[in-house]
Amino acid sequence: MSLSFLIIAFVTLFAAAAAMSLRNLVHCSLAFVVAFAGLAALYLNLDAQFVGFAQILVYVGAIAILIVFAILLTRSGDTPNEAVLAPGWFYGIAVSAVVFTLLGWAVLSSSALPKEVSSAPQTTVKNIGEALMNKYVLPLEIIGLLLTAAMIGAVIIALKEPSKTDHSGRKT
Amino acid sequence: MTPLQICLLVSALLFAIGFAGAVTRRHAILALVGIELMLNAANLNFIVFWRFGAHPEALTGVMFVIFSIAIAAAEAAVGLALVIAIYRHYKTSNLDEVKDLKG
Amino acid sequence: MIWIVKNLWLIPALPLVAAGIISVNKQPKRKLAASLAIGSMVLGFLLSLCAFAATLGHGGGEHGAFREVFSFPWLQFGGQWMSIGWVLDPLTAVMLMMVTFVGMLIFIFSVGYMAHDVNFMRFFCFLALFASGMLGVVIANNLLLLFISWEIVGLTSYLLIGFWYHKPSAAAAAKKAFITTRIGDLGLLIGMVWLYAETGTLNFYEGGKGCLESGALAQMLTHATIGGMAVSTAIGLLIFLGAVGKSGQLPLHVWLPDAMEGPTPVSALIHAATMVAAGVFLVARVYPLMAAGALMGEHGVPVTTSLTIVTWIGALTAIFAASIAVAQNDIKRILAYSTVSQLGYMMMGLGVGGVAVGMFHLITHAFFKALLFLGSASVIHGCHEEQDIRKMGGIRKYMPITFAVYAVGMLALAGFPLFFSGFWSKDEILHAAHGWSVSQVPFYLGCAGALFTAFYMTRQVALVFFGSYRGHPEESSHGHFAHSHSSSHSHDPHESPAVMTVPLVILAGFAILLGVIGTPAWPWFETYLNGHHVEFDLGKLTASGTLTLMVSSSLIVFTGLGLGVWLYGKRQRKTAGEQDVLEAFQPAIFKVLQNKYYIDELYEVTVIRFNAFAAWLCDFADKWIFGGAVLVVSYLTLGFAWLYRLTDEYFVNLGFDAGCDSIRGGGGFLSKLHAGRVQTYLRIIGVALVMLILFLIWGRKA
Amino acid sequence: MFEKLDQIFVTLKHLVLGYVPEALQPLVSALLSVTLILAVFPGIFAIVTIFERKGIGRIQNRYGPNRVGIPFTNIRLCGFGQFIPDGIKSLTKEDIVPRAADKVVHFLAPIVMLIPVLLAYAVLPFGRNMTVADFDAGLLFFFAVGGAVEISVFMAGWSSRNKYSLLGAMRAIAQMVSYEIPLILSAVTVVMIVGSLKLVDIVAAQNHYSFGIAHWYVFTPWGLVGCILFFIASLAESNRSPFDLPEAESEIIAGYFTEYSGFKFALFFLGEYLGMFAIIGLGITLFLGGWTSPVSFLTWIPSYVWFVTKMIAIVFVFIWIRATLPRLRMDQLMNLAWKLMLPLALINIVVAGIWHFMGSDWQRWLVCAAIIFGAYIVLGRGLMQHQKLGKRTYRYAE
């Protein structure tokens, strides 16, 4: 396990924690970007080049921007004065802590995991493309459908509902 | 500790952080962000298992991550659109104030 | 096979299409409707001319008349195909010509007559439909097809009688006609089915396999039914029952006079010229069936049970209806009863003299009766919808053309010697009756009928056309609802427009001329029907029997005419009110005649009463017997229901309520959890995740 | 000998690497390439600024900078020394940070801007065997890091607590996001044809000649359309006129770096230009044959020379356009992106598929050209009618 991995992992986790704990939403989103960039770096580090780049492209390039837009559109760009934590946050922390301990314990104590480290697999983009076009073509189509539906749905949901006065006006 | 376990621990921690955020923060967007984090922890798991698993040449893990990234994108889009709509309707985006079904 | 045979179906199809087109068009399109209907009739007439020519071409030769059939499988029931088709033989050809021609003329006439009616289009739609049905009857080579068309004809007759359905009398008449003819049709239907059961086919002629051909007939003769009567006879009688219904023969004649409620062209077309003749035509069509297994009388006329019955019914109807007609005052009713009696003549002719005799009278009668009806229509039209002859009189001056043609028609009907078709046709019937081997009574009955006919026609003409006009303007002004335009008219009668008079003139021409094709001297018609060669010799004319018969019948006619003139012509009645001469002379008889021998009342007290009783019986049974059973069942059900309710309330519900309460409690508890806070849900999910992991791990461990 | 000239940088690098211990070799080689890039492209940037000022001056019928030459001498390269005092000035000016600004983000923004831009250069093949990191998914990498620029723009705009900055940032982000889609889609066609995301492969696929003409993809119907789309989209991506709404001086003072001054401003400026160069370089690689020469008899000219020449030429086109075209309105911008370019790019992908599967017979030219032309006509008409564009009508005061 290389040093770079540990560093990146640390940075990622730290950024994630920051994203979840900072008061200002914009800072949160920026930290979130860092966290996802770190994740991408982790993927690269795990020899998943394509996935890493895709991660950057989607999360940093698209979702982060979306989130930022949403933040600004909901007028929550400034640091809030009231509490940022939901009532009963303590239970939430506790539950998540329990979850983590359980998962960690499971990971450490499980005997099913393979011990030896296999060599880095040779996967070119070409392999991935061929797999997408042959073996996984149906999921690909479905994903396309899903994305289209999601786009339309998002547009429709976020549409400003027409104010009544517009309809009273004359048709053009 | 094998690298696999380290990776799994990392993803587990990521998951826990995301979960904590999603559960504790009042703001809807941050809840969404927390969910995204959990999703990515899962993705990391997939990648890790693909990388250290028995058959790296079978691209299952990678494929799954690619698809789940696509789905995450869709989910984020719809979720944020929902947040905006909710904000328009309730004039707030705090989750604990958005709790009655009929507006 | 010549093309016309294959395309014979066009003749009925054309009016059908016309009717369809008219029916789907919007209301005020008089020109379209009239032109469609008349055009279809004209085309049909041309086609039937072709058909006629075809039959002429092949006519003659010892193998009998020209006959071509065309059949095709129509529907399949059981294992075998029901085939329908049409036949072209002299009978068909003649009927086709008659129907299309007379129909054409009457259509043209009604353009003028109905000109101001609101439902002009509907009228022509029905007319065209009727024409198609009638032509279907004529061309049918198959009892089934014939029956279908037959029913179409009945339907249209119903529709047209009730055309002015806002008049209750019209509606009632329509119903009466429909139901009465149904009784006959039932017989026809049974006969048809029986025929099918016997012979396995309904085609008349099918190259030896048809049900009217020797094979089937012989087979039918062998079987016997009740009373040793041959099956063929029974079936023939059943079919004849249908004919009786349609052509208003004695028991079932009651509907025909009432049918005069319809528009007069309808009366002319349906109830004088064509439809009522359909019955006669039917008998003529199935004549071989009736004549099957005949023991030949002299003159080569077959004599069988069925034919005898036909003859008797015909003769009785003839004298009976003629006597009624003497005492009627409604111009159309007189004609209606004369129609009935003439139909009786035809039947009689069929019975005693074979197809040719009956058909000849049918053809001639069609023409002059149509003429008479249209003439009366013209008169009625002229007198502003007045139908009572006592209120008319002196119309001769106002409408000369109508008078002329009407006179022609009247003379033809009365059988004025030598020049008028009626004379020859009726004379043939009487001649045949005279030569009938079974009995002479029909002959005398016929003679009496002839006398009556001459008499009442004279009476009618005298009352309508001579003397002075007795219609009172201020009274007749009430009848103007149909004619908003006629308020501008003077109240005197007026001559009808050309569109009405021209057909009259044409018909009159035929009424005179048609006689020549059937004189004993040159019996072209008969030979044409039977497919023999015709030869001309005046000797036949002067043959003793014939001559004496002609002289005596003309004497009878003259007597009738003279009587009429003497009673009604010399001293005209002054007012509408004063009583009839005969009435003054013999009130009792006159009253009986005027009330049509109380036949309707008879039916009233017998059939109708019985019917009502049956209905009451059924009602009683329904209310008390079946209703009682139902009541019992319902009470049982109620009892069980009560029982169920008891158990339900006191046993089931207790447990159920407990369950409901517990569920409500649980729901309350859950609803506390379900506070709508997303993050609470998330927490619960987290807890559940923990549980799951623990479960998995320990499940693995254990 | 020309081959040697062509490969001179490569040989030099290997020479240097010879003296480096085995363990450090990848690091050192990377460092060498990075230094080269860091040396060359800012230089080009400096020259280009002068070119731009002078060129616009010419087009606008005035002198550009024409005084400053080499400092401390009398050599004035008709003003081409201007960039030196400019640079000194902007680097030494006071760095003002608004009090209300979010300090950290405000400070990070230019850096975040510059890093991905420089990263993008890693995959560009500047010449034969001259690629810093030849990723397997190079194109994807390029677009991925390109996406990061938007974040920096947002940081700059939001952190300086200035409504102009925020508006500019929002405009810029919206514009970039919208135009990234046609950009990527038009690049996808090339990927389809070549069958690889490796930029080196893409260049190699265009590096052969028939009748002395190179097989650049711009010479095919779909390639031409893709090239034009890519060109327009890259104009928008690099916020150049006519798509310079984010820094429209007349509307919002300087867009998202209104509140920046001195060094940070210089960094932004540099970042913008480097981004422009990078995207132009990508365009060249995809459609204009990268470092290959257009005609076969000029192949002796070193490859990097070709690359730089093409880049400069395109930059000149950019400058020319900036000086000529008026600025778009926001809705026109969006309409252009979503209603014309996106459908056209999609259709272009289909056309590329047809081109690929119709084999090498001549009809495919007709078919593809016809489809694209028809699509263009239809879409353009639709847009025109929807926008009520068309001939402008003037109303004069009576």
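Just so it is clear, A, B, C and D label the chains in written order, and each chain counts residues from 1 on its own.
Please note the rule applied: a residue touches a chain if its C-beta (ideal position, glycine included) is under 8 Å from a C-beta of that chain, and two chains touch if they have at least 3 such contacts.
All values derive from a computational prediction rather than experimental measurement.
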| item | value |
| --- | --- |
| Chain pair showing more contacts of the two, A-C and A-B | A-B |
| Between subunit C and subunit A, distance of the C-alpha-averaged centres to the nearest whole Å | 90 |
| Chain centre separation (subunit A, subunit B; CA means) in Å | 5 |
| Chain centre separation in whole Å, for subunit D relative to subunit B (CA means) | 34 |
| Centre-of-Cα separation between subunit D and subunit C, whole angstrom | 97 |
| Contacts with two or more other chains, residues of subunit B listed in rising order | 19, 23-24, 95-96 |
| For subunit A, residues contacting two or more additional chains | 50, 54, 62, 69, 86, 91-92, 95-96, 99, 103 |
| For subunit C, residues that touch 2 or more chains besides their own | 677, 679, 682-683, 686 |
| Contacting chain pairs - touch in the sense defined above | A-B, A-C, A-D, B-C |
| Residue ranges of subunit A touching subunit C (in the complex, touch as defined) | 86, 88, 91-92, 95-96, 98-99, 102-103, 106 |
| Footprint of subunit A on subunit B - complex, ascending | 1-10, 12-21, 23-27, 29-30, 32-34, 36-37, 40, 43-44, 47-48, 50-54, 56-57, 59, 62-63, 65-67, 69-78, 80-85, 87-88, 93, 95-96 |
| Residue numbers on subunit A that touch subunit D, as the complex places them | 26-27, 30, 33, 37, 40, 49-50, 53-54, 56-57, 60-62, 64-65, 68-69, 72, 77, 124-126 |
| Subunit A partner contacts - residues on subunit C that touch it in the complex | 677, 679-680, 682-683, 686-687, 689-690, 693-694, 697 |
| Partner subunit C, residues of subunit B touching it in the complex | 19, 22-24, 31, 95-96, 98-101 |
